[in-house]
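The structures come next, written out as structure tokens.
After this come two complexes, each holding subunit A, first together with subunit B and then together with subunit C.
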Partner chain A sequence: MTDTVANAIATPDHEQPYAALGLKADEYASIREILGRRPTSGELAMYSVMWSEHCSYKSSKIYLRQFGQKVSPKMREKLMVGIGENAGVVDIGEGWAVTFKVESHNHPSFIEPFQGAATGVGGIVRDIISMGARPVAVMDQLRFGRIDHPDTARVVHGVVSGISFYGNCLGLPNIGGETYFDACYQDNPLVNALAVGVLRHEDLHLANARGVGNRVVLFGARTGGDGIGGASILASDTFAEGGPTKRPAVQVGDPFAEKVLIECCLELFAGDLVEGIQDLGAAGISCATSELASNGDGGMFIELDKVLLRDPTLTAEEILMSESQERMMAIVQPEKLEAFLAVTAKWDVETSVLGEVTDTGRLVIHWHGEEIVDVEPRTVAIDGPVYERPVAYPAWLDALQADSASALPRSNDVDVLRTQFLQLLGSPNLAAKSWITDQYDRYVGGNTALSLPDDGGMVRVDESSGLGFALAADANGRYAQLDPYQGARLALAEAYRNVAVTGAVPAAVSDCLNFGSPENPEVMWQFSRAVEGLSDGCLELEIPVTGGNVSFYNQTGDVPIHPTPVVAVLGVIDDVARRVPSGWQDEGNNIYLLGTTSEEFDGSAWAGTIHGHLGGLPPAVDLAQEKRLAALLAAGAGQSLIASAHDLSDGGLAHALAESVLRFGVGARVWLGDILHRDGVDVATALFSESTGRVIVSVPREDDVKFQGLCEGRGYPVLRIGVTDKLSPALEIQDVFTIGIDELRGTHSATLPDHFS
Partner chain B sequence: MTRIGVITFPGSLDDRDAQRAIRHAGAEAVALWHGDHDLHDVDAIVLPGGFSYGDYLRCGAIASLSPIMSEVVDAAERGMPILGICNGFQMLVEAHLLPGGLIRNDHGSFVCRDQRLRVENTDTAWTNRFESGAEITIPLKNGEGGYIADAETIARLEGEGRVVFRYLEVNPNGSINDIAGITNTRGNVVGLMPHPEHATEEGFGPDTDAAMRNGTDGLAFFASALAALSLA
Partner chain C sequence: MPTIIVDVMPKAELLDPAGKAVAGALDRLGDSTFSAVRIGKRFELTVDGEADDAAVAAARELAESLLSNSVIEDVVSVRVAGE
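On to the complex of A and B.
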């Protein structure tokens, strides 16, 4: 029997399965209070998914406000749409805007790696379409367990082929990403997907339902039984040993349907046939109807039985909760409906008109003529519970921070240095990721100016002017475990630097904050510190956070993952023809090191790979310095003085040199003497320390004077440390070691194929 | 100006890229729609890459039955230059304009790489501007690019010089005899798995020894079609 509103009023004591749906007793009680009665089963379904951690941000909201508060006027200048919409939008000039966002699909990707990762890509791409933009590229930030753990290959194969399957079929170039292996992600891998789109300013669309009488139209794939409870049961809970399988809560993707949906939406936008639009992701129809109504005139009437179904046996509650992919909801003027339907028919996209916008202030849903939902939409979508969860300084942190890597044995013997250098080069986290990236299409679209293995991705936006954007996303969970405040700032600094080395000017930030359970006060402390660090950092760099995503409950049992705040930085470049590669290609260019080196091994790749050590305090980061560095690089690239630039981060100078050699297979001769002398460090420190604010650049001889003048004028520390050598196929570090390119390449590229091919 | 049509199927991905390449070569690019029966008076046709109908079935199998394909078959028989790239190659094979078939890569994964090729036949409508035996680099990106045919067909293709492109250095998908592309007996219809349209503009093609992403070896494909049409 259908649980109607009338029935709910008549049977106040009817027992409801709120706990199984992921709601707490007090949350259920407050729903009853809001409604002045018990919810119908349909209403309960809606509240349960929309009040889930994943959809409501109930544990993180009080912290995320900082991103809106810590802003300077300069940060608002280019921001067209900020936090709260499907994705942030940034003005990049010439009438163009870019929208980008990174989102997690962690739990689905552990349970069902292929579909979990595939639908992660699909979901974030629909967020981009919802803004009125054409998606133009994707990136992904992946974290797996130990590379040699028996379960890791299952997850890696599934995730990589899922991203490859879905992204390639959408025709979106994959322009970069990162892949880490660490035991802390063994039973909780992180799959963060980033999508970016471009639009003309006038094409901006928002998710709101305005205009009484406008039609509410659902289009795209049919609704099925997949992904029910994905947001609430799966994403907002930890995995428990021996619990029931959660596979049915994972969605199933059809990239062809999404590709057609993209083209269909763009044609709808071009024809001005859409008033408001929202994609269906987490919480499906519950989310789309309540959010559209809340952001519009406040009322909506829906006939749920008009939803086209893949499975006709689905109940109203299942339809409300289903997270079937490749669906969109649009608000359409009645007089434009015919034209709208003609476009969807052209693309063979199935469409059903579900209802209309009203001015009642209520979201009313009927099921075969009976009223099953009658709520104020804001109570579902916006005014959900807000928690100020207990916060506690981790009991173990002081001991961890006291255990510095400076106590580790550090040799300056040349044979040991050579061995350690190769060990790092072939270590899973520093090894070449081409086994993964070669499975992604980086060419489609014809606008990819940079992609992996360069430090950042870059895409041309305007063919006539060459205007484009650059993107990089980074996180270092080891640093964040040592100090989450500093860890978030370090992730920001690295992504910022990775954009700057391409020649672009950093302009905006999106983030994906991956943490353990918010019910653990120590995790909540880590989260609060990371948000503080990131928001303080963005204010210092004066680039706004445009949106983001929080992923909690990343733990199996009691042990949370390392805090992993993934920070994506978007940059703008006037002409992509002036982009800078990450390696050198020419003979006899001078190699310069920008920045200074101090003894910073805590949390480093050297400490982790050589000694299996994690402890101490992560490297210092001076964001004012990073800002000067970025300005210097932009000036150098703008005057075409810089032939290549590579950021120094994991693995330090040694690894950056190796990657710069391997990029085009051109050797180099490098001397460390001036670094040792100026900075007062030993050879091992010069090679492996992870001090921030450093970049190596190669400069053609004829531009030497100008380049040095540029550095001096801006007061940035610079040392000439080497010269490129096309004739000698080797990396020679004078008085330390010389290693041929073939050996470098063999070591760097063998690791992933050895484990996964 | 010579008009070269690019047919867009619902899941075409490299259609706009093919149009851009045609413009780079100095021709007019004309967008054609799979559901039409109209070639809009084009002089040549490109079937672009992508996943025409999702390709959950054999790649190109459904597309080969699209309304516009009957016009394409007629045009091919009249001698119009037709180039099938990647998914377009799969369609030409499914439509029986070219022999053989394309199967899942032998290593099981999608692969994207800058691919060395040798041009084996410079008498086709799409290769007449290459030097015989020229070695070129253009991007390759496919999941189902393994070329197969029965022994008799392979022998005939080889004997008649209809293998137009052969993979060099690496056979990326397990194709028989390293075959990357073939032509029909008349030389007007050419299909290949690699993507010449992604090597037509400096800055966005494969890396070369001289500079990053500056390879433009794909331009000669389109210049060849223009040359063939000006002679016809």
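On to the complex of A and C.
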């Protein structure tokens, strides 16, 4: 029997399964208080999914406010749409704008790696479409368990094929990303998906339902029983072992349907047929109706039985909660409805008119003529519960931080250095990721200017002017475990630097904050510190956070993952023809090291790979210096003085040199003497330390004087440390070792195929 | 030699994109006899010996563990061919 509003009033004591839907007793009580009665089963379904951690940000909200508070006027200048919409939008000039966002699809990707990762791509792409933009690229930040664990290959194969399947079918280049392996992600891999789109300023669309009488239209795939409760149950709870079996709340994606949906939406936008639009992701129709109504005139009337179903036996509650993929909801003026339906018919996209915008301030939903929902939409979508969860300084942190890597044995014997260098080069986290990225289409569309293995991806936006953007996303969970505040700033600094080395000017940030359970006070402390670090850092660099995502409950049993704040930085470049590649191509270019090196091994790849060690304090990060470095690189790229630039991060100078050789197969002679002398460090430190603010650049001889003048003028420390050598196929580090390119390549590229092919 | 047939179908509540594509094609061809199509998999396992209860049980075990993905698919039948 249908649980109508009248029925709910008549049967106030009817027991409801709120706990099974993931609601706490006090949350259920406050729903009753808001409504002044018990909720109907439909209302309960809506509140339960919308008040879930995944949709409501109830544990993170009080911290995320900092991103909106710590802003300078300069940060607002280019920001067309900020946090709160489906994705942030940044003005990149010439009438163009870019929208980008990164989101997690961690939990579904452990249960069903292929479909979980595929629908992660699909979901973030729909966020981009709903801003009025054409999606132009994707990238993914992946974390898996130990590379040699028996379950890792299952997850890696599924996730990588899921991403390549969905992205390749859509015809979107995958321009970057990162992959790490660590035991802490064994039963909880991280699959973060980023998408980016471009639009003309006038094409901007927002998710709001304005204009009384405007029609509410659902279009795209039919609604089925997939993914019911995905957000409320799967993404908002831990995988408790031995607990009750969770229903498999996965969805199956159809990229070809999504491709049609993209083109259909763009034609609708071009014809000015849409007033407001929202994609259907987590919490499906519950989310789309309540958010559109809250952001608009506040009222909406929906006839739920008009929803086109794949499975006619679905109940009203299931329809409200379904997370079927490839669906969109639009607000359409009645006089434009016919033209709207003509476009969706042309693209063979099934469409149904569900209702209209009202001025009642209520979201009212009928099911076969009976009223099953009557709520104030804000109470569902915006004014959900907000928790100030207990925070506690981790009991183990002082001991961890006291256990510095400086106590580890560090040899300067040349044979040992050679062995350690190769060990690092072939280690799972530093090894070539081409086994993964070769499965992705990187150049489809013909606008990719840079992609992996370059430090950042770059895409041309305007064919005539060459205007483009660069993107990089980074996180180092090991650093963040040692100090979440610095860890977040280090992730920001690295992504910022990775954009700067391409020649682009960093302009905006999106983030995906992956943490353990918010109900664990130590995790909540880590989260609060990371958000504080990231928001402080963005203010210091003066680039705004445009939006992002929080993923909690990433843990199995009692062990949380390392805090993993993935930070994506977007930069703008006036002409992609002036991009700077990451590797050497020419003979006889001088190699310069920008920045200084100190003894910073805590949390480093060297400590982890060679000694299995994690302890101490992560490298110091000076964002004012990073800003000067980025400005220097932009100036150098703008004057075409720089032939290549490569950021120094995991694995330090040694690894950056190896990657610069391997990018195009050009060798080099390098000397460390000047570094040792100036910075007062030993050879091992010069090679493997992970001090920040460092980049190696190669400069053609004829530009040498100008380049040195540029560095001097800007007061940035610089040393000439070598020269490229096209004739000798080797990396020679004088007085330390010489390793042929074949051996470098063999070591670097064998690791992933050895485990997964 | 006897053969055991295993049928695997996508779970009823999940989307079957391939089936949907065929249904769409039927529609475009003007055929209105069928309203829905779902596509599954059929495995034919040849038994080296007799297709007895033990062999069927082994096939069922294989169907659940290797031939199907229990998260998104159901094993709908395991039977000896011709029976």
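Note that in this section the second predicted complex is superposed on the first by the 752 of 757 C-alpha atoms of A that agree within 3 Å, B and C clash if a C-alpha of one lies under 4 Å from a C-alpha of the other, contacts with A are read in each partner's own complex, and residues count from 1 in each chain.
In this text, a contact is a pair of C-beta atoms (placed from the backbone, for glycine too) under 8 Å apart; a residue touches a chain by one contact, two chains touch by 3 or more.
Because the structure is a prediction, the values reported are computed rather than measured.
Undergrad: Figure out whether A:259 sits in contact with subunit B (first) or subunit C (second), or with both, or with neither.
TA: The first partner, subunit B, only.
Undergrad: Touch check for A:375: first (subunit B), second (subunit C), both, or neither?
TA: neither
Undergrad: Figure out whether A:310 sits in contact with subunit B (first) or subunit C (second), or with both, or with neither.
TA: second
Undergrad: Please work out whether A:118 is in contact with subunit B alone, subunit C alone, both, or neither, and reply first, second, both or neither.
TA: After superposing on A, A:118 lies clear of both subunit B and subunit C.
Undergrad: Answer with first, second, both or neither: which of subunit B and subunit C does A:348 touch in the superposed model?
TA: A:348 contacts both subunit B and subunit C.
Undergrad: Which partner reaches more residues of subunit A, subunit B or subunit C?
TA: B
Undergrad: Between subunit B (first) and subunit C (second), which, if any, makes contact with A:171: first, second, both or neither?
TA: Touch partner of A:171: subunit B, not subunit C.
Undergrad: Which partner does A:577 reach: the first (subunit B), the second (subunit C), both, or neither?
TA: The answer is first: A:577 touches subunit B but not subunit C.
Undergrad: Give one of first, second, both or neither to describe whether A:225 is in contact with subunit B, with subunit C, with both, or with none.
TA: The second partner, subunit C, only.
Undergrad: Touch check for A:441: first (subunit B), second (subunit C), both, or neither?
TA: A:441: touches subunit B, not subunit C.
Undergrad: If I apply the document's touch criterion, which positions on subunit A are contacted by subunit B in one structure and by subunit C in the other?
TA: The overlap between the subunit B and subunit C interfaces on subunit A comprises residues 254, 256-257, 348.
Undergrad: Touching subunit B in the complex: which residues of subunit A?
TA: It comes out as residues 161, 164-165, 168-171, 254-257, 259-260, 263, 347-348, 437-449, 460, 463, 576-577, 581, 585, 664, 757.
Undergrad: Provide the residue numbers of subunit A that touch subunit C in the complex, in ascending order.
TA: My answer: residues 111-112, 115, 221, 224-226, 248, 250-254, 256-257, 310-311, 324-325, 348.
Undergrad: So in the complex, the part of subunit B that touches subunit A is made up of which residues?
TA: Against subunit A, the touching part of subunit B is residues 10-11, 13-14, 16-17, 20-21, 49-51, 53-56, 107, 109-113, 139, 141, 143, 195, 197-198, 201, 203-204, 207, 209-213.
Undergrad: Could you list, by residue number, the parts of subunit C that touch subunit A in their complex?
TA: Per the stated touch rule, the residues are 10, 12-17, 20-21, 24, 69, 71-72.
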